[in-house]
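First chain A sits with chain B, and in the next complex the same chain sits with chain C.
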Partner chain A sequence: MTSAFELILCLMILGTACVALFMRDFLAAVAFFVVFGNLMGLAWLTLGAVNVALAEIAIGAGVTGVLLVLSRSRLLALGEEISCGPAKPWLRLGAAAACSVFTAVLAAAVLSIAPDDGLAPVIDGLMPLIGVENPVTGVLLAFRAYDTLLESFVLLGALVAIWSLAAPAAWPRAPAALRMTDPAALNVAGSFGRLLLPVALVMAAYLVWVGSDDPGGAFQGGTVLAGGFLFAAMGGAIGLPRSDNSALRWSLVAGPLVFLAIGLAGAALGRFLAYPEGTAKALIVTIEYSLALSIGVTLALLVAGPPATTETGL
Partner chain B sequence: MSPLDLLVAAPLAFMVASLVVGRGGRWLILAASPAMLALSAWLVALPPDAAHLVGDWELPLGILLRADGVARLLVPATSLCFVAVGLYAWHEFSPKSGRETARAHTFWPLLYLMWGGSNAGYLTTDLFNLYVTIEMVSLAAVAMAAMGSLAAGLQYFLIALVGSLAYLLGVALLAAHYDTVDATLLAIHARPDLPTLLAITVMTAGLLVKTALFPLHGWLPPAHAAAPAPASALLSAVVVKLGFVIILRLWFEAFAEVVRPAAMHLLGGMGALAILYGSIQAIRQERLKSLVAYSTVAQLGYLFLAFPLISNAPNPAEPWAAVLVHAVAHMLAKAAMFLAAGLMLKAVAGERISDLAGLARAMPLSVTAFALAAISLTGLPPSGGFTAKFLLLHAAIEQGSVVYAAVLVIGGLLGAVYLFRPLSVACSGSAAPVVKAEAPLRVAAPLALAALAVALGFAGMMLIELSSLSAPPAAAGPLPAEPGR
Partner chain C sequence: MTISTSLGHLFPLTGAALVGLGLFGFISLRHPLRQLLAVNVIGAGIFLILGGLGRGEGVTDPYPQALVITGIVVSVALTAVGAAMITRLAEERRAAGTASDQPKDQGP
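This part shows the complex of A and B:
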């Protein structure tokens, strides 16, 4: 039964990938890409990697799908042609051969690594020290908190980098509106977005909270929050902020700032990013909530793009 | 509190502050400059074995920060570059009332992100943590490159992404194989088997793309030449060094027992070709900033030419010091050169070398800065560049590596050819063009950097002593027998 399910899943993943690759129609290819991403999420779930599955479905399928659809509509608005010409046969064959050889070497290398528990025993031994149950949260927010701290600044930097692309006349306006232009679609998206945003807020808060003991956490919560914001913006329920809005700036930096401040407080008491005994869980949850807020706002604005002069919607 | 943490935390705090302050963000550089220089000085003054684990989480899971010779040389040099570039950019990226541009606002947070990322990269021994620092630096670098040319920025972005992913794949293989990604632990446990060799290969390839070693340099000249002068200075001086330092850590620390001499010579050969190719291309350029960008391609070659010289040396401390001094001298000189070139080209409102005629009379200080930087880059005494190239040449002759010695000599000659061409044009002509006077700070920044690059030549012993803190150990007797060696 299980192996039959896995076999079918593998076939479906390969099938949707092929369809997405060879489909001429851009929109249909994107649709299959999103399906492919969701099936990959299922595959991660079967492998027991719940956090990877959540990330794959939310970012790999959801946000990337939205980005692809947005790119299409903006290219269409510019009058660009959206279809890729036929690639040269030797290029296809060469790419296929190179990828096959690399995959074979990689597979040989991976299979030659003796399977073991990895760092799991080490992590299990340390978990009681921080009072949370989810080992992923333990790694991300305690044992390797330094990586996560720096990553939160990478995400913030990504938004700044996108902002830097704004035309001189556009700064500091809002990004081009995500509002749908088709009245019927706007009507549906509007009521859906108004309904979804509060649900997304509650769900994000819940995901962050359970993240201490079960799969979930700041990144998953932030992604759900971003999804809620995006749907609401597409339906016209909320507008997009100007880039010099100070409330926006504070919500963007909240997560990295709180994380850095707690890290430095640890340094003042002894060691950078060390949590004093007994306070670990409270500090971790504080960091996670502020990170989730910043990640949600940042991701939504990353999708929206740089400040723009035009008011065109989807 | 320790500078190992603060050198990373402080720039990130300034990044947050510049985002919150918004319009006045550029003023923060006046606070960041003294703070970061003081922290760098503190780092140099730490006891020789200074190191600690972030959050006190033990290896193999935790992250070790340490102040080794590489960090003690490159962190202060990086800080000097950022300070000079920041003060230079203070006028250029200022939001003037009524015509605020995205660039004036976003340059500053990106500068601090790059600053924190570079420092974090020099201080950590953790290969995954290094991946995060590469992302910090690359992201800021791509945005800065796109400020000059969107096309070059996009090309750079795609290439940097491929490089990052290749590196990450290697880290994943190592993590699965050894249950740690700490360089100091890998140095003990690494074995020359398929996963390890594949990991080293993809990581090195990814980093070489980011470091733009010939023949993977194609993206560098367009991106570095098109960007605004402060951005070019950071891209050429600081950004490409991080990839190099990580390769240094992989090849001479984590996998010192695994990599074969043939691989060392492969990198050395690529370095030699980079010197020759980059120099010849630089000679052929008509535009000043393209010339300086190709000079970066050539100068990066020296860093890799040193690899076989270090691994073959009976006492590797000398070529090891040479490569680090070269990295520092190139950082200072190249940043100075791009900044000076920016001033010169702005004054003549052109971009070709032939536009510079007579400029030495009109703006003597900027041309002097360019000339001082050129002295260090070509390796004329007394300068940091001379110390580095002399030590490399000495090592090459000592080991009887005629080819490398010849490339070093020819590279120096070619460097003189391409760098003195713009200088001779600037000193030619009888009429001085009328130019608008620049703010003193903008003139002083490249001059100070170039003067430091030359002054390094007088601090040779101190630099060698600092670099010896992390030099590969001298081969004491025969190496332990290993299969296939």
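This part shows the complex of A and C:
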């Protein structure tokens, strides 16, 4: 029963991936990509990885899907074609042969490794030391906190890279507005955005809070926040801030800064990113809340794109 | 044989197939936005290999789970930068095409 379900799920994942890649109409392709992301989330649930399932569905399917749809409409507005002629037959044939060989080698490599949860008992043994119960949060914010710190800077770096793509005349204005131009759609999105934003705030705070003991966490909470911001912006309920707004800039760096400050305080007391005995949970929750705020704002602005000279909406 | 030993490789193998599919898409699709989507499919495949190989009896290793969450966030950052660069290139092309006209980047 379980195995049949998993087999069907894997076939559906591969099928939706094929459609998403090779569908002629790009909008439909993105729709299938979102379905693909949700099926991936289901696969993570089957694996018992609820934290990853939340992140995959919210970020992998949701935010990436919005990004692709937005880029499509911006390109179409610039008079670009998204569809492309079929590649030359020899290229297709060569690519198919090369990719088949590569996949076979990769599959052989995968088969040579036995699935193993060897680190789970080690991590379980260490969890009581930090006072949180979600092992994934423990790995992200205590045992491998270094990775997560660098990751928060990667997000910030990506935003800096996007902002640096702004035309000279556009800096430091707000990104091109996400407001819908169709009045009926704007009306619906506006009312829904106004309803959704407070719910998203509460849900983000909740996800971060339960993240220490149950599935959830800063990334999932931050993404929910970003979703709320984006929807409210599409409905015109909130405007996008200028890039030199100091409140905006502080909320962008709050998470990485708090994380770095706590890490450096740990260094002063002994080891970089080591939490003193008994304070680990309080520090982890502090870091997670500031990270969730920064991640939410950063993700929303990553989707919105670089500062632009025009004010019109979608 | 328990489920985890007989089926343990199902998700990692699906991941390997996704990497191959995405790679084929990346090479054979000639539009950068479609290639960006293909990169995301490759990424999803890699995550599935990484996470699926951590599958044990009942639990999945939390260590690769944490790495995959980090990976998902980094890949959305990459997608966002890629999409912004593609849009900017299109603006440049349009500005070069109609030199007198300021590039407008929004429409219906």
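Structural remarks
In this text, the second predicted complex is superposed on the first by the 313 of 314 C-alpha atoms of A that agree within 3 Å, B and C clash if a C-alpha of one lies under 4 Å from a C-alpha of the other, contacts with A are read in each partner's own complex, and residues count from 1 in each chain.
Convention: a residue touches a chain if its C-beta (ideal position, glycine included) is under 8 Å from a C-beta of that chain, and two chains touch if they have at least 3 such contacts.
Please read all numbers here as calculations on a predicted model, not as lab measurements.
In the overlay built on the shared chain, the residue A:L7 is in contact with chain C alone; chain B does not reach it.
Of the two partner chains, both chain B and chain C are touched by A:I113.
Of the two partner chains, chain B is the only one that A:A267 touches; chain C does not reach it. When both complexes are overlaid on chain A, the residue A:L257 reaches chain B alone and has no touch with chain C. Once chain A of one complex is fitted onto chain A of the other, the partner contacts of A:P135 are limited to chain C, with no touch recorded for chain B. More chain A residues lie in contact with C than with the other chain of the pair chain B and chain C.
By the document's definition of touching, of the two partners only chain C reaches A:E56; chain B does not. Touched by chain B in one complex and by chain C in the other are residues 106, 110, 113, 116, 118-119, 123, 139, 144, 147, 151, 154, 157-158, 161, 165, 167, 306 of chain A. Interface residues of chain C, counted against chain A in their complex, comprise 3-25, 27-31, 33-34, 36-38, 40-41, 44, 47-49, 51-63, 65-70, 72-81, 83-88, 90-91, 93-94, 102-108. For chain A in complex with chain C, the residues that touch the partner chain are 2-3, 6-7, 10, 13-14, 17-18, 20-22, 26, 29-30, 33, 36-37, 40, 43-44, 46-49, 51-52, 55-56, 59-60, 63-64, 67-68, 70-85, 87, 91-92, 95-96, 98-100, 102-103, 106-107, 110-111, 113-120, 123, 135-136, 138-140, 144, 147-148, 151, 154-155, 157-158, 161-162, 165, 167, 176-177, 181, 217, 219, 295, 299, 302-303, 305-306, 308-310, 312-314. Touching chain A in their complex are the following residues of chain B: 1-2, 4-6, 8-9, 12-13, 15-16, 19-20, 22-23, 52-57, 60-63, 99-103, 105-107, 109-110, 113, 116-117, 120, 128-129, 132-133, 135-136, 139-140, 142-143, 146-147, 150, 169, 173, 175-177, 179-180, 193-195, 198-199. Taken in their complex, chain A has these residues touching chain B: 105-106, 108-110, 112-113, 116, 118-119, 122-123, 126, 139, 142-147, 150-151, 153-154, 156-158, 160-161, 163-168, 170-172, 243-244, 246, 249-250, 252-253, 256-257, 260, 263-264, 266-268, 270-275, 306-307.
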